[in-house]
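Each of the next two complexes has subunit A plus one more chain, namely subunit B in the first and subunit C in the second.
Coming up: the complex of A and B.
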C-alpha cells in the first residue's frame, strides 16, 4: 500500500450536514483519487445520499469544504461543477429522444454542431445503444434507460460521475450484467466514479476502494479485500458478508471467551491497533475460514467442541450452524469430501470447529463511532 | 341486466347531446318561432352578424375571457410552482386561501367584489370584470397545474442543472415543455368558466361592458330569438375545432392531470 497515490479528484474536509437538530453527516474527511471506482457503502439512512448531494451541489454543507481537482467549489453552483450525476430514477427527460437526452449538456454548453453529433454517437456507442437514438425513453426497458442515463452523464467528459444506487430498479440478472458493464465503461472512459450503494456485493465486485458509512460517519476506507479481510470495526465486519462475532475479553494478551477458552485470534495485530488487557472485544471469524471436524477426536488441539444445530445445502456448499459453549457459529463447508462426511452426521451430533489464529480478528466490542 | 345498462348509457348520451343537436337544427330553421319548422335557411346567421349589440357583447366576453384566463393561468402557474416545489411554512393556509373562491357562493363573492370596487373607487368596466373573473378562475388554474407539477419527477430539474443548465434554460427546455399540456388545460378551463359566467359579471360589469351571457339572460324577458341558436352553434363548432386541434388523447391526459407525452 505504498504506491504513489493518484492525484485527488474529490477532497472533502470536515464536511457536515445537519437538518434542524438532526445531524445526517458527521464531520468527515475523504479523498477520492483521480480515475478510481470509489464506492460509498452503507445501510439506508446512513447519510451516503446526502453526502453525494453535497458533492454535486444540490445540498449545501452545514460546515466544511469540498475541492474538485484541487479547486475549492464551496461557492460554485451545480451547473458549473465538473461532475455529472446518474440518478436513481434515471431522470431522463421524457419529452426528448434518446439522442436529445444525451445531447442535452452539449447543447446547453453550446458545443459546435459538427463536434456535437460525433460525441453523442460516441457516447451511445459506448453504452451500446447506437440504434436507439430516435426512441423516446418510454419506449426503452429499464436497463436501456439506465444506459442512456450513463451516456448522458459521460458525454460532457466530466472529471467525476456520481452514481446513486443506479442498479436498484433492475432485476437480479440484469444487475449482475450491469455491474460488469459499468466497470468496463468506467475503465474505457477513465472517469472517476463515485458509486453510492447499500448493496455490499455491488461494492465488493466493482470498486477500487470502498468507504463504509454508518449513522453519518465513515467507519473505514479501504480496498474491497481489506474491507472484507481486515474490517476495522464490528459494524464493518457484520455489514459486509456474513461474519461470526464471538464476544470475549482480553486477558494476558489473549481473547478469552467464557466456555470457549482462548479464542484463536491474531493478537499481535490487535495489540498493534491498541487493544489492551481488560478490553471487552469481539473476535470476528468468516464462516468460510472455519474448518468443521466431523469426528471431534481427530480435531487439532485448541479446536472448540460443539453440537450440530442446523444445516442448509446450497449446492456448492453447506451452511452449518454449530452450537458451542460460547456462541452459535456459522460455518461454510464446501461440498465434496467434507460435505459428504457432514451429510452422514445426524442432527445434534458432536462435532468440533477450528480456525487459524490469522482468521480471527479482534475488534472492540463497543462501536466507537456508530 | 347488461342490456339494461347498455340502454341506460345510451339514454344518458341522448340526454347529454339532444340539446346541442336541437340547437344546431333550430339554428337552421327559417321560422321565427321554434315550434314551427319552415325549412332550412341561413337567415339567423345573417341576422346574427347584423346584430351589432350582440356582437359587441360577444367581443366583451372574448376579451374578458382571454385576459382573465391568461392572468389566472400565469398566477396559477406561479402559485403552484411555489406550493409544489417549496415546502414553505404556511403552505396549507396559502393553498386554502387560493381555493376558497371555489367554495364561497358566487353571489357572496359578487357582492363583496362590488363592495371592494366601489370603496376603492374603481369604476365598473373591463378592469373590474377581468379582476372578478380572475378571482373565480384562479383556483381552477392552480389546481390543474398543481396536479401536473406534483407528478413531475423532482430530479428532472436537478438533472438539468447537473448538465449545466441555468434556471431559465431548465424552465425553457425541461419544465415548461413537460407542463405545457397542463398550462393549456388551465387556460381553456379558465376561459370557459369566464365565458359562461353570469353571477360575477352581473356585479362587476359596467355600462358598455355587458357580457354575452348577461345579454342573453336579459333577452329572456323579451323572448329568445333564433339568432342565439346560430350563435350557440358557432360556439359549439369553435369548441369542436379546439378539441380537434389539441387532440382528443392529449385532452384526456390534460384533464387527468398527468405530465406530457410519457
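Coming up: the complex of A and C.
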C-alpha cells in the first residue's frame, strides 16, 4: 500500500452495480477524505442509495473495489466493516429502550460494562437525549428518534457514518434545525459522514464536499461553493439551486444567442475548459446574479430588453419572470428600493436585465457521456 | 347522550349472534361435562345423575396420574419442537420476496386440507418397514426394521400435525418487524445468533407465545396418533378419555378426567404467562441495576 498525502476514509475504484441488464451505478472512482462531511446528491433513482449500500456491504458491487481506511473490504461482511449507517426509517429496535438501542453495538461486541455505560451516556449527551434513556422509541418524536439513531451510529466510534436521507421524514422547521445539529455533532465527534440526499439545500448547508450524481454517474465532486458557482455541467447547474440556461453558440470566442447577440459570459474560463468556436452551449446564470432595470432607458450597455411576464412576492424578495427574445429568464429581486420600483410596474411593462460576464458560465449544451 | 345510548344498544345487539354461538358451542357443553363429572354411573354405562365425588377419587389411581404426566410431558415437548421448527420456517418465509410468500404459506397449509387420519396413515407408510426411510437406511447398511410403532414416530407426526398452527402466529408477528432491523443489527456488528437472540426472537415473542399455547393445548387431546403410530403402548390423556367414554362406558369418569385436563391446561397457560412476565421483568430490572451499578 503506498502512502497517500491526505488520509482517505473511503476509496472507491471502478465501482459498478448492475441489476440484470440495468446498470444502476456506472464504473466510478471516488475518494472520501478522513473526517469530512461528504454528501452524495442526486435525484431519486440516480444510484446514490445503491452506492451507499455497496459501501456498507448490504450490496455486493458487480465490479470494482472498496477500501476503508486503506484496507480492502471487498470480502469483509457488513458487521466487520468499521462503519455504521443511519437508516432512513431510523430502524430503531422497538423492544429496546433508548439506552439499550444505543448500547446495542457495545453489547454485541462485548464491551466491558464499566466502559459501556460511560460511552452510552456520552453518546446520549451528544444528541441531547440524556434524560430519555429509559424511554421506548415509540414514546419519542420523529426528531428524537433520529437523534437516537445517530447516537447509536456513533457510539462505537466507527471510521465512517453513512446517512441515508435522514431528514426526509421530518417537517420543514425541524429539518432546518437538524441540519445545524448534524453538522455540529459531526464536528464534535470528528467522524467521516457520508450523507446521501436528494435535497440540494441540505447538501449545500452541511457538506465539506458534494458529489452530484445522475443516472449512475458522478458528474462533479466539489465544495458547495464551487458546485453552486462553477457547475461542471448543465445538469449540475439546473439541479442545484435554480438557474437560467440560455442556449447559445460559440462564435469568435463569444456566446451568441439569436435574441441577445453576445451573451455576457466568462469566455476565458470556458476556453480554459475546452469550449471551442462552433460548439453548441448554454450560458448558465443564477437568478440572483441578474439585475433588473425597471426603466430600460437607464440600463447599462449590453443589457437585454424584455417584458415583465410574471412576478411572485416572497417577502424578502421577488421572483420575476422576464420574457426576452432569447429566453424567459428568472430574476430574483430583493425587496426594498428595487422591489418597490418593481411593484409599481404593470404586467407586460418593458424592462431590461443585465449581469456581469463573470456571472455567466458557459457549459456544453449536451451532457458529455462519461 | 341519546346517541351514545343508541350506540351501546347497537353494540350489544351486534354481540348477540357471537354470544349465542359461544353459549351453545362452548358454555353449554362445558356445563354438561362439569355436571356429568359429579354424576353417579351405573355399570351398564348409564348416567344416574345425583352427586358424588367418587369419579374424582378414582382418578387418584396412579394409572391415571402416569398417563396425565406422560401427556403433559409430550405436550410440552411437542410445543417446544413445533415452536422452534415453526420459528425457522416462519423466518424463512417472512424474509422471502413479498410476492413469493403467499405460495410458501400455501405449501404450509396444503397438508391441513387433507383428512387428519389420512395424514397420519401416510406416516405409517413413510416410516413403516416397506417405507422409503427404512429403505434408505438399509441401503446405507444401517440395520433397521420398522419405525412404527415407536415414540419417535409419535413425536414426528405430532410435529407434522401441529407445525402449521405454530408457523402462522410466528409468521404474523415476524411480518410486523421492520426488515431494515436485520440490516441495522448486521451494521451494528451482530452475527446470525445475536441478530436472532437480540432482535427477532424478542420481537416475535407474542407469536412464539401463541404458538406454544396453540400446540400445547390440543396435543393433550390427541388420540389417533398414539394409537396408530405409537401402537397404543403410551396413551395420551386424549386416548384415555376416549377409552373411558367408549369402552368402559363410564361417562361420569370420562367427564371428570376431561375436567382435570381442562384445569391442568388452564393452569399451564397461566403458569406460562406468569413465567414469561417474571422473566421479562427480571431481565428489565437486571439491565437497569447493571446500569446504575
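Note that in this section the second predicted complex is superposed on the first by the 362 of 370 C-alpha atoms of A that agree within 3 Å, B and C clash if a C-alpha of one lies under 4 Å from a C-alpha of the other, contacts with A are read in each partner's own complex, and residues count from 1 in each chain.
Operating definition for what follows: a contact is a pair of C-beta atoms (placed from the backbone, for glycine too) under 8 Å apart; a residue touches a chain by one contact, two chains touch by 3 or more.
If you're wondering where the values come from, they're calculated on a predicted model, not measured in any experiment.
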Quiz item: Is the arrangement of subunit B and subunit C around the shared subunit A a clash or a fit after superposition?
Solution: clash
Exercise. Go through the superposed model and pick first if A:138 touches only subunit B, second if only subunit C, both, or neither.
Key: first
Self-check item: Which superposed partner A:117 touches (first subunit B, second subunit C, both, neither)
Solution: second
Exercise. Return first, second, both or neither, reflecting whether A:186 touches subunit B, subunit C, both chains, or no partner chain.
Key: neither
Quiz item: Which holds for A:78: it touches subunit B only (first), subunit C only (second), both, or neither?
Solution: both
Exercise. In the overlay, answer first, second, both or neither for which of subunit B and subunit C A:91 touches.
Key: both
Quiz item: Looking at the overlay, what does A:200 touch: subunit B (first), subunit C (second), both, or neither?
Solution: neither
Self-check item: Residues of subunit A at both interfaces, subunit B in one complex, subunit C in the other
Solution: 56, 58, 77-80, 83-85, 87, 89, 91, 93-95, 104-105, 108-109, 152, 156
Quiz item: Which bits of subunit B are touching subunit A when the two form their complex?
Solution: 153, 155-156, 158-166, 169, 173-174, 177-178, 259-262
Self-check item: Interfacial residue positions of subunit C with respect to subunit A in the complex
Solution: 178, 180-181, 183-191, 194, 198-199, 202-203, 287, 290-291, 293
Exercise. Flag every residue of subunit A that touches subunit B in the complex, lowest number first.
Key: 56, 58, 77-80, 83-85, 87-89, 91, 93-95, 104-105, 108-109, 136, 138, 152, 156
Self-check item: subunit A residues touching subunit C - in the complex, by the definition given at the top
Solution: 56, 58, 77-80, 83-85, 87, 89, 91, 93-95, 99-100, 104-105, 107-109, 113, 117, 152, 156
